[in-house]
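Input: structures, listed below.
Across the two complexes that follow, subunit A remains constant while its partner is subunit B and subsequently subunit C.
On to the complex of A and B.
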C-alpha cells in the first residue's frame, strides 16, 4: 500500500467538478484508492461520497492506494491533486 | 391589475405575456413490478438519454453563458455516473420490486437530503442538482417532454423555481424575463439571468395555480415589482420607461468596447470607483478599464469587530478575479474623520478631518495594517492588483510603510504562503504631498489625486460645514495648479498620475484634465461612458 498527504488549496474545497474529475481519474486504475478526511473516508471513484466528505480549503487529507498498479496510481494521484485541488 | 413584490436579480424593465411553468404536473406513483430486469433496463436507457441531453445542454451553455457557468451540466453528467446513486436505484428496484420512476425519485430525495444536512452552504446548494438530475431521469422514464417554448411568442417565464437545466434549455429569444416564487440570489437561475441580461425577480409570492398563460405582465427589475394585467395608464408609463431605458442602453452599447482616445490620438484610462465587491457588476456593465479606487472601508464598517485576514483575502481575491487581468487599485483602510467605527476606539477629536485617520492609524497600530497587507499580498496572486495608501504627507511615512511591507513579506515567505507584492502608490490629498510630489514620485509607482480632501485642506474649508458652501469653489485655480504640479512630477520620474476624487467626474473639466496630461480618471461606474464620449469628441 502507498499513501500521501495533501492539503487542499481550492477555495471551495473538494467541490462537485473536481470530485467528478477525481472519480474519473481513479477509475483508470485497478488499485483501490481511498480518500481519508478526519474520521471519514470515501472511495475515490465515488463522486457523491467524495462530496459528502465535505473537505474544505486548508484541510489535509490522506490518500491511500492499494493494488497492482499502486506505484503508477499514487504518482498520478499526486499530480492530479496538485493540478486540480 | 395585481402588483407583487420580489427581489430583483437583474435590473431591467419589460412588458409581455406570461408563460407559466407548472412543475409538479407529474406525480411519481409507487407500483409493484414483476420483472426488475425490465425496470433496470429502462433506467439504463433513461440515463443514456439524460446523458445525451446534458451533453447538448452543456454545448449550448458554453456558447451562451461561457464555460464556467456551463460546467454545472458536466457535473450533472458525472453525478449520473455515480456508483452509489445508481446502486441505490437498482437496489430498490430489486429488493422492493418497485417501478423505476419511484426508485429514482426516492433515491433522489435521499441523496438530496444528505446534502441538505451538510454544514457547508456550497454543499447544501448541491441538493438542487441531485433533484435536477433525478427529475430529468423521471421525465425520461415517463416519456415527458422538456418545457418547450419554441411555438410561443417571447414571454415572461413564471415558475415556482427554475433548475439550471430548465433555464438553459429554453430558447433565449423567447424569454423576456424570469419571475419565480423561490430561488436565491446565488442560485444558478439568478447567475444565468445576470449573464443573459434578462430582468429577473425571485421570492415573488405568486399563486401559480390561478395564473394563466398569456396574461400581460410588467417586470420592473429596478423597483423589484411585477404587475399582472396592468391598466392603460400603467402600460403607457411602462412603455415610456422601456423606451428611455432602451435609449440609454443604445448610448452605452455604442461606446462599449471603444477606446478612450481623443480625435487627435491622446489616450486616457477611465476606471471606476467602488465601495464593495457587489459593485463590480456595474464596473463591467459600464465597460470601465479597471477599478481606480476600491474603498476597503466597507469591510470594516457596519460590524462590531475587525474583519479577519481570510475575510479580506476572499473579498480582494474575488475582485481581482472578477476583473480578470484589469487593474484593481485597492486603497488601504481610510477610517477616521467622517467615517467612524466604534470598535476602533478612536475617541473624540476637536478636528477629526485633521486628526487621527487613515495611514496614521495604520502606522500607529501596525497589527491592523499588517492583517490588511497580508490579505492584499495573498490576493495579488490572482489578478492585476495595486495598492494605494491614503493621507500621505511625507517620504518618511512611505518609508515606514515599506518597512512594514517588508516584515509582512518575510512572514509570508517563512510560512510558505503564496503572495505577490503589487504596485504601490499613494493618494495625493494633502498640500504637503503636492509640494513634495517630486520626491514621492521617486519612491512610489503611481499617484492618485483625492480631490475632495485636497480641496478641503487647500482652501481651509470644512466640507461638513454648510455655512461655508458659498466659499467652496471646487474649480479654484489653486487646485488645478496643484493637479498640474503632481502630474508633471509623476511624469518627470516615469510614473503615472490619476484623479479619483469627485472632480474626476466633473464633465466640465474632462477636456482640461486630458490636456493637462492626467493619465487616469476614476469615477462612479455610471459616469464612465459619459466621460468616454467627451474624450472621443475632443482634441488636445
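On to the complex of A and C.
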C-alpha cells in the first residue's frame, strides 16, 4: 500500500466537477484508491461518496493506493491533485 | 494569416458598434436641442415667442442639447470601454471597469509628465486638451481605442489567473484592473514621448487628406463603399470622423479634431454661420446616395423582375429601400445585388465616391450621427437652413442620382441578364417565405416539432454554421450577424442564405450573415436557442459526417450500442425535480457535464424557484454552497442535482436549503428554494444537470421528456440490460 497527504488549494474544494475528474482518473487504475478526510473516507471512483466528504480548501486529505499498479498510480494521483485541486 | 487579420479586424470593427450605437440618440438630443435654442433658427421660423430664451421649452431644449453634447465630448472614454467590452471574451463587465480605470490612469500619467516637463506652455499648441477634466495630450478616440484594445488583451490573458494562496483574493478577474492600472501608468509615460510623433504623423495625413481636395473626397467615398462587403467600413471611416485625420478646426475657441466632432461642435455653437465643408465632405455624400440613388436601383430591380415575381420581390425591395431612405442603413439593399451582380456593386462604389465629391463641390455642410437617411438630413440639413448647409443640393444631385441609378441598373440588368431578385430560377429569389420554413422544418424535424418560427430560423443558422459545437462566438452589428466558427469547412453558405439573409460573407473562421436592422432580434433568438436547445438533429446534416467532438462520437456510439445490445430487463424512471424545460444533457453549457464526465442524465432549466425530490429517497448530502444535492433514491440510484452552471462560486447566495443531509424524503418534497432572478444574473447559466453518477456498464439513460416539464413528471429512464 502507498499513501500521501495533500492539502487542497482549489478555492471551492472537492465539488462536483473536480470530483468527476477525480473519479474518472481513479478508474484508470486497477488499484483501490481511497480518499480519507478526517473521520470519513471514500473510494475515489465513487463520485457521490467523494462529494459527500465535503472537502474544503485548505483541508488536508490522505490518499491511499492499494493494488497491482500502486507504484504508478500513486505518482499519477499526486500529479493529478497538484494540477486539479 | 490574412484570414486571421481579417478576423481580428472584424472583431475590432464589431467592438466599435456599441459606442457608435449611442451616437444617433446623442445626435438627436443635440440636434433638436441646439437647433431650437439657436436664435437665428427661431427667428427664421418665427418661434421666438413660443420657445425663445426665458421660456420653459427653451430651458428643456438647452438641457437636451447639453445632454447630447456630453456624449460627443467624451467619446474617447466611451470607446475605451466599448472596445474593451467588445474585445473581451468573457467577464466583459470587468473589462469595462478596467478600461475606465486604465483610461483615467493613462491620462493622469500623461498629465503629470506634462507638468514635470514645464506644463502645457512648453507643448505645441493644440497638442494638449482637457480629457474628462485632466489636462492631457489630445489623443481623440485613438486614446480610447488604445486603452480598449490593450485592456481587452490583458483581460483575456489574465482574467483566470491563479495567484499564490496569500494573494488569492486578488486573483482571477480582480487581477485585471490591477494589472491594467500598472500597465497604463507605463503606457501613459510612454505616450508622453511617443504620441507627439504620432500626432505629427496624423496631422501630416490630415494635411494630405485636406490637400487631396475633391479627388481625395472621391477616393474616400469609393473606399468606404468598397469596404462594406467586408464589414470593415467602421474601421475605415472612424479615424476621419473622430480624429485629426479628418481635419482640425477651431470652434468657439476650442480646437476640435475629427469631421463629426467638428460638425457637432459647430452645431452646438450658436455663432456658426456656415458649417465647415472640410469636415462634412466625409459625411454629406451619403445623403444623395442613400435617400435617392439606392431607391432608384431598387425600382430598377423591381421593374426588371419577371412579372409573376414582381409582387414578392416588390415587398423585399420596398422595405430595403425604405430602410435606406429613412435610416441610411443600406446593406439590405446593397446585398441584394452585391452577390448576384458584383459589377453593379462596383459601379455603385464609383458613384458613391462621386456623390461625396459632388457634395464637397457644392459645399454641402450637412453632418450626421451615424448614416445618411432622411431623419439626419432633416435635423442636420433642412432644419439648420439652406444658408448654413446648402442642403438643397442634396435634393438636386439626389434626383439626378435617382434617375441615373434607375436607368443604369435597368440597362445593365437587361443587357447582361443579371440575376437580381425575381429574375433567376425559383431558388434564386432571396426571399424568405413561410413555405420555405415549413419545407425545411419537415426535412430537419420529421416528427413535427412544436418549435416556433424563430427557433426554426435559429436552428437553420446553427446548422448552416456547422452545428452548435462548431460555433465559437456570436455577435452582431447594425445589419449583420457576425460569428466565429471553429471549423470553417462545416459552414453551409447556401443554407445560411436561405434563412432570409441578403448575403453571406466568409473569411476563414469569420462568418457574416447579412440580415438588415432586424439582426439584433435574430441574434437574441439564436443565443436563446443555443442556450436552451440540444445539438441539431443529426440525420441529414452535413455537420454530422465531419463531426469531430468527442461528446457526440460517444453519444452515437452509445446509441448504436443500444440498438445492438440485448433486451432491456428493467427500467428505472427518474422524474423531474423542477417545473421547467428539459433537454438532452449534451446541451448543458459546460463541457464536463455535456461530455457526461460526471455521469449521464438530463439537463433541465428551472422556471420556478423550487427544487422538489424527484423520487422517494434519501438526501445523501447538501453542499455547503447549497447549489447541488446528492440524492439516493429508494430504488438505489445515485443522483446529482446540480442547479445551474458554476453556481458553486455563488457561495450559497440565491439558494435556500429546505432539507438536511441524511433526511429521508418522499417524492415532491421541496428541497431547495431558488432565487431565479439572482441566479440568472450571477451564474453563467441556470441549466441544471440532473445526472446518475454511478452507472454500470449495462445501464443506459433514455431521455423521456424534452421541452416543458412539470416536477414529478418522468424525465429519463435508466434501462438496465442483460
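The rule is short, and it goes like this: the second predicted complex is superposed on the first by the 85 of 85 C-alpha atoms of A that agree within 3 Å, B and C clash if a C-alpha of one lies under 4 Å from a C-alpha of the other, contacts with A are read in each partner's own complex, and residues count from 1 in each chain.
Just so we're on the same page, contacts are C-beta pairs under 8 Å (C-beta built on N, C-alpha and C of every residue); 3 or more make two chains touch, one makes a residue touch a chain.
Quick caveat, the model's predicted, so the values are computed rather than measured.
In the superposition on chain A, A:46 makes contact with both subunit B and subunit C.
In the overlay built on the shared chain, the residue A:38 is in contact with neither subunit B nor subunit C. Overlap of the subunit B and subunit C contact sets on subunit A: residues 11-12, 15-17, 19-21, 23-24, 46-48, 51-52, 54, 56. Only residues 71, 74-75, 78-79, 81-85, 111, 114-115, 118-120, 122-123, 126, 129-130, 314, 317 of subunit B touch subunit A when the two sit together in their complex. Put simply, subunit C touches subunit A in their complex at residues 165, 168, 592, 597-599, 620-621, 623-625, 628, 630, 632, 638, 640, 642, 648-649, 693-694. Interface residues of subunit A, counted against subunit B in their complex, comprise 11-13, 15-17, 19-21, 23-24, 45-49, 51-52, 54, 56. Of all residues in subunit A, only 9, 11-12, 15-17, 19-21, 23-24, 46-48, 51-52, 54, 56 touch subunit C in the complex they form.
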